[in-house]
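Chain IDs A, B, C and D follow the sequence of writing; residue 1 opens each chain.
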Amino acid sequence: MDVGIVGGSGYGGSELIRLLQAHPTFKLRTVAARASAGRDLAEVFPHLGLDGPLVPAEPDRLAGCDVVFLATPHEASLRLAPELLRAGAAVVDLSGAYRLPPAEFAAWYGVEHTSPGLAPAAYGLPELDRSRIAGARLVANPGCFPTAALLALAPLGDLAEPAGVVVTGLSGTSGAGKGLREDLHVSHAVQNVTPYGAPGHRHTPEIERGWGTCAGLGAPVPVSFTPHLAPMSRGLLATVTARLAGSPVRVRAAFGAAYDAEPFVRVLPEGVWPATTHVRGGNSAHVGVAVDERAGVVVAACAIDNLVKGAAGQAVQNANLVTGLPEAAGLSAAGVYP
Amino acid sequence: MDVGIVGGSGYGGSELIRLLQAHPTFKLRTVAARASAGRDLAEVFPHLGLDGPLVPAEPDRLAGCDVVFLATPHEASLRLAPELLRAGAAVVDLSGAYRLPPAEFAAWYGVEHTSPGLAPAAYGLPELDRSRIAGARLVANPGCFPTAALLALAPLGDLAEPAGVVVTGLSGTSGAGKGLREDLHVSHAVQNVTPYGAPGHRHTPEIERGWGTCAGLGAPVPVSFTPHLAPMSRGLLATVTARLAGSPVRVRAAFGAAYDAEPFVRVLPEGVWPATTHVRGGNSAHVGVAVDERAGVVVAACAIDNLVKGAAGQAVQNANLVTGLPEAAGLSAAGVYP
Amino acid sequence: MDVGIVGGSGYGGSELIRLLQAHPTFKLRTVAARASAGRDLAEVFPHLGLDGPLVPAEPDRLAGCDVVFLATPHEASLRLAPELLRAGAAVVDLSGAYRLPPAEFAAWYGVEHTSPGLAPAAYGLPELDRSRIAGARLVANPGCFPTAALLALAPLGDLAEPAGVVVTGLSGTSGAGKGLREDLHVSHAVQNVTPYGAPGHRHTPEIERGWGTCAGLGAPVPVSFTPHLAPMSRGLLATVTARLAGSPVRVRAAFGAAYDAEPFVRVLPEGVWPATTHVRGGNSAHVGVAVDERAGVVVAACAIDNLVKGAAGQAVQNANLVTGLPEAAGLSAAGVYP
Amino acid sequence: MDVGIVGGSGYGGSELIRLLQAHPTFKLRTVAARASAGRDLAEVFPHLGLDGPLVPAEPDRLAGCDVVFLATPHEASLRLAPELLRAGAAVVDLSGAYRLPPAEFAAWYGVEHTSPGLAPAAYGLPELDRSRIAGARLVANPGCFPTAALLALAPLGDLAEPAGVVVTGLSGTSGAGKGLREDLHVSHAVQNVTPYGAPGHRHTPEIERGWGTCAGLGAPVPVSFTPHLAPMSRGLLATVTARLAGSPVRVRAAFGAAYDAEPFVRVLPEGVWPATTHVRGGNSAHVGVAVDERAGVVVAACAIDNLVKGAAGQAVQNANLVTGLPEAAGLSAAGVYP
């Protein structure tokens, strides 16, 4: 099966290349980029061991691809996805372009949606609802923070009060992309922790929609979300705090019921918290949970690699579902530790 | 004025030495340690540029000191403080031994308090109540997390609901001390973020007592507190989320009123969050605050150096108050950036 | 083909597990350990996603394995290799036990060799001499520093003076193993560079033997070798400086001739130096070279992942050669960047 | 005594501000900058705790300063130093503008020297020759690598062969300045070691001139110099390897004789190597040395903070000498560890 990538010069794109090189069925046919079109991949990403130029990010360059991954900004995804769908490709979009209903998209992203009929597309978090993904031609790959936050929150649907959830996010710096910025200069960032983009981070409405669904309400539930930047290149941790509403003894069982059969989610033993270093480079999510009866809350934390389960790995997982392949195809490699 | 340190072989002790070497009035007369007694300071802490052996941690070794800093575990502080007070010294204790009422101490620390008449001592967070410190002979220097959390929370006393506060802590690894542990091995920890010690971290009751006071209640208020370890040697960030109860327009003014006259606290402009890298090595606290009206919360974050404002620097600040010196004496050095 | 690992609780062992899980032909049958025998792999190395106990490091536990990898200290390898060979297994030893002639081994390692007939075994640096490896039953997998140093030096055999070579090594901390030590405490090591183990590091004689061979002499040539520890978990760089003896214009061609057909070695373009971050997690070696005519030297640098090409990856490469498989089997995965 | 800084928006300039704030005699009167003129210091460098705008980098803004520190590129220093000298100020220039004779400067920096009568100025490495500095009006503050390399080399003047010296440099990233570059993006650099700028780094001729003087020759001696970037914000290590020419038993005594009376240089005990973490933030240089008789070399390593002893701290040390103050005035603060 032939696949293509648009956005091959960014971290999401290069991670897709890395994973697709090891995929048993998908054959990477085209890697396109916009500003870096024409540059040699060996120069842009020496770690991949691949030569050859990045091709321009035009739909006709991707003709014949069964699946196209869009590792592009939402503006480019708005433009490219409809054309690629018309050309017969299935599309997994890593941007925020198709995650929200059009009006909500416009409110959070500040631009009108140009394909309102396509949004929201199937939300590509398989552990929450893989059936809808399997039948989709367009999948909206979740944001990195929502992936971790919702994996931590989902089992709490009927054990926590819907309101008052606080989500703290901690991301490695690759989550901020490759662009040059003063706060991403290594001398500044190498030993620094700081909140950023709060309140109002664009991942917030995804978390609120997912949590609303998990909590059994028909609508998004407001949550407070504060992301932070941590001095590591990869890794993401979401720590969620929710008011306990059900019996504390049911909490652990709920996490087991949710994830024991999941190939990529591991619930850690009582008293053990997830460490981002244990999921670096792999598609795993490690989840820890504890009840704090004194404070009346349940705290759950989920660690993922922001570029794998938080982006490219989950995109491949979704593409596997869309194309009827085994969901874990090409994703079984363990992480790289230490 | 002669001062002494017990616990000179730990990070808190070595930081006290560093600061006291530059103090205009305090003269460092004795540095004592328990397990490392007899070892040469030049070998234990080559960065200090000091020679000479650490003396045993016995009270008679500190005779004649006007102030003694206890950078010791709480068990040692329980034993040493009464003897030192009897000998006429003022004592600033960096452990948790005298921060709580005896019953609360016993519940959180798992040992009976042996000097219940001394606990709680004056709580050494000058920005909250410096008058009580000025008149004390024994000061309980706050924990690193409570220092940052309470500086973020204090101005919200009548602007937030007392209940439902969520505190997320992020600490550099020196906060975990010098002991050798698998999770502090550099290969594991160098690119890792993980929650730890939650729920039930011993700094929780300090935050709850302080927040109860700030909120104008006569008693501690339960908060949820989840500390995390971040891959940096120094630096601590506390991010607090509280339900907004007052008018959002009053929030920024409240922070200004609380801190504009404070020598060590800086409230950052609207839209700017504190970065731990900007306070490394100095006694400053940087505070940022934002209202999230959509979610109905106020979020505040405070960055400090866990070993300075979170330990040794604040201890010197307290000793200055106790001895009637200018509060900032010996603490004006800027941080070391980048 | 069934394979086993002894030393599964160390970094070398866990890296072997990671790579062998993805190998198309080798089936990992047994993972043994000494001190950690009985512990569950899921607890020792959560990143691997494997359950089940580590078995004791006894030869009969490895009966039936076609290949056994010894990721053990040299003392254990001295004891285990002969027994495993007698039992019919091929052995790839990652320790220094079989890299040197017995007398040289005794001088550098401070213990007599107990199987002098087996030492030196085939030296497992395929890029230097893969024919000898292919026919061997026991392979001495090279040290991490010698691997990088010799890949940088080998093409200079007839272009540099044999004497006077200076090798500077820079290793990530995983090269120092998992043991707890003050200088590997994250708070000390996280922003630190320091020389260590010099002069007299045990990797020196390997470099000297290899360089002697490359230089066409029948004997080892003394080199000066100074390793340093750098604040990263993985990655190793060897920078070699040699007196130029041949024509500078021949240098670049010599590197091309040596490595253009090598699957794992990449010679970087003129003016580009290797970066350890580009080889993390993969079996690649990146090599850069420059002539400094003013100073009369040639400088070459080689970057590898100390745990992959410097240990477990090269061990799999050697096992592939020994068993007649394609040399790159199971080793094609790209590195993990950033 | 009034002093001024030009280049206050760079790392060298901000470090000068930090040190001068704590200086007992120098009063910081003016901080000037070029591109950042008009910006508020509190925004550019929040760690300093200072408010007020950076003034334009024009000589008349510095009128009345007894000493002016130029933390500027060499082009700006070429222009500014003569004017400031004419205006009566003593000048300590942190750039390379006045370190070399004019012809050598032109060859290495690619521009003609516009004040050949001023170059070379007094070379500001007090441990090598403080008498010349004391009488100077213009001091050429050494480069960071030459400072460490020459402190390691100087005692070897009559114990090592002049030819064949190899210098390996390892610098923290602040040595590369604040400019935004792909290789200084935190995601790339945070766990990366790489050589750079070799051969032909502009610090080479400084090392060669200094070594020529130490070796008792009347002229520079070619050395091979390869700098590397290490993943830390501050810290610099120079490791030098030289052919042993004298008796090995005299080596340690030579280092003692050279540095026992020096306030800022500490020779470490036999078997101990310097660690950059022990000199961070302070003006100290730690030096270790070992003889490798087998290889016929002596290896010495020197660790400094590239921004303090390697730049701003040494500049203050030089200004103290020029103005007749105690050489260590304002520089006694210990480093910040861990």
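Convention: a contact is a pair of C-beta atoms (placed from the backbone, for glycine too) under 8 Å apart; a residue touches a chain by one contact, two chains touch by 3 or more.
This structure is a prediction, so every number in the text was calculated from the model and none was measured.
Because chain A and chain B share one sequence, their contact can be compared position by position; here over half of the interface residue numbers appear on both sides.
Most remote chain with respect to chain A, judged by CA-atom centres, is D. Chain centres here are Cα averages; for chain A and chain D they lie 46 Å apart. With centres taken as mean Cα positions, chain C sits 36 Å from chain A. In chain B, the residues that reach two or more other chains under the touch definition are 11, 172, 174, 187-191, 231-234, 275, 277, 280, 338. Residues of chain D that touch chain B in their complex: 11, 14, 17-18, 21-22, 45-49, 174, 190-191, 233-234, 266, 268, 275, 277-282, 284, 286, 332-338. Remark: chain D residues 164, 166, 168, 170, 172, 183, 187-196, 198-200, 222-226, 228, 230-235, 237, 239, 241, 243, 273-277, 280, 288, 290-292, 294-297, 299, 301, 303, 338 touch chain C in the complex. Across the complex, chain D meets chain A through its residues 11, 172-174, 176, 178, 180-182, 184-191, 231-233.
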